[in-house]
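Okay, so subunit A shows up in both of these, paired with subunit B first and subunit C after.
== the complex of A and B ==
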């Protein structure tokens, strides 16, 4: 219960939100740097694949008879990936940071992060109420 | 994974943009200066200065650790921006006919700095907007860290 899968997913999502925030901050910092290529973080789709696979309706997953067998399909945990988008509009300076897109992503990510912190806090709140017997 | 790195990244950009604004101020302030350098017995006018930026890519311990442990795939972003040099603009000086000026040559022509106030104003707006965008990112980092402290 203390180390539940629910909490693990929250923790990894918070990590991914932090990474995304850092990536956006770096893109914004280099908004006037010539030849700079912006980066994006992909995470939610990987997490969704993993959750689907766990629920049993995911993509094909290999059956492993030994722990040392290499995972196949969605057997691993969702890991955030940092990528560059080659289709971004590149300005004359060779820089492809889009100020509007980055600030929008920043705002979205911030809300997502505070939602995750509230869920995490709620998880511990539930644990506390169980420990205290719920009678108070 | 640390949010503090996000703050450092934004701070590096704030410093770089502040330097850009200072350089632009210097260019505008010296737009009429005909005696900036004394070369071979003659005065040279002021030369326009420009800030050269490049991404800061030297990895931190955190980046290497996470790549090794495999908590992130793909190459992680750098740590912001750094100023590599302050370059001088090598475009030719403006020649103005003003024979009464003490720095005019034998033909009565005077060399003036290669500063274009219009260009400086455009650069100034760009630097000031970038500064604002990075302040927004910095405030977001702060808000997120305070949110994380509410987990208890």
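== the complex of A and C ==
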């Protein structure tokens, strides 16, 4: 009951939201650091692939750098990944933090996070109300 | 006083439907109940699918999610109240002194 797939998805998404928040805070803190490259968290597309693979509409394929690598299908769990583009720069110091873009991402992430917390709370509330009651 | 109108009334006659047997009634009720349960379950599944999609960033309109979630939760509460009433009435019958 507490290991249901739905709850796992919610938990992992909350992890990703926390990670993204931390990454954005790090980017903003380093807005004046020369040669700093901003970092982004990729998660939603992985989760989408996983959900599609689960529904049977396509496969989550392993990334292969060599043809001789063994392919494996459904990798299972979507894990957030932190990426950055080392060749990108916006300021003259080689830094590529864009204040507006970062604050927009921060706001989006906050809405997403609060939505996820509400869903998780609702899920637990449902479970609790099913458990309680009955012959009083 | 005009009383003739009352004579025009036809006596109430119960419509002659063939009365269902108790077995049929209980069968009907059980299928009705299981249909209702299926509907509740379907609403739960739909709501959690939408929630998964929201987690995957597919849903941009949060209101769809909230409405579906509230629907599912109200249906579940309704079901639980029915369950509670059933158990209550069962206990009431059990307490009855014959």
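For the reader, a short list of remarks on this structure follows.
By definition in this document, the second predicted complex is superposed on the first by the 116 of 136 C-alpha atoms of A that agree within 3 Å, B and C clash if a C-alpha of one lies under 4 Å from a C-alpha of the other, contacts with A are read in each partner's own complex, and residues count from 1 in each chain.
Here, a contact is a pair of C-beta atoms (placed from the backbone, for glycine too) under 8 Å apart; a residue touches a chain by one contact, two chains touch by 3 or more.
Worth saying up front: this structure is predicted, and the values here are computed from it rather than measured.
Looking at the superposition, the partner that touches the larger set of subunit A residues, subunit B or subunit C, turns out to be B.
Contact with subunit B, but none with subunit C, is seen for A:21 once the two complexes are overlaid on the shared chain.
Of the two partner chains placed by the overlay, only subunit B lies in contact with A:117; subunit C stays clear of it.
In the superposed model, A:101 makes contact with neither subunit B nor subunit C. Touched by subunit B in one complex and by subunit C in the other is not one residue of subunit A. Against subunit A, in their complex, subunit C makes its touches with residues 44, 48, 51-58, 62, 65, 69, 73, 76-77, 80, 83-84, 87-88, 91. Those residues of subunit B that touch subunit A in the shared complex are 1-3, 5-6, 9-10, 12-13, 16-17, 20, 53-55, 70-81, 126-127, 129-130, 133-134, 136-138, 140-141, 143-144, 147-148, 150-152. Subunit A meets subunit B in the complex at residues 14-15, 17-19, 21-34, 36, 39, 79-83, 99, 102-103, 106-107, 109-110, 113-114, 117-118, 120-121, 124. Within the complex formed with subunit C, the subunit A residues making contact are 6, 9-10, 12-13, 44-45, 47-48, 51, 111-112, 115-116, 119, 122-123, 125-126, 129-130, 133-136.
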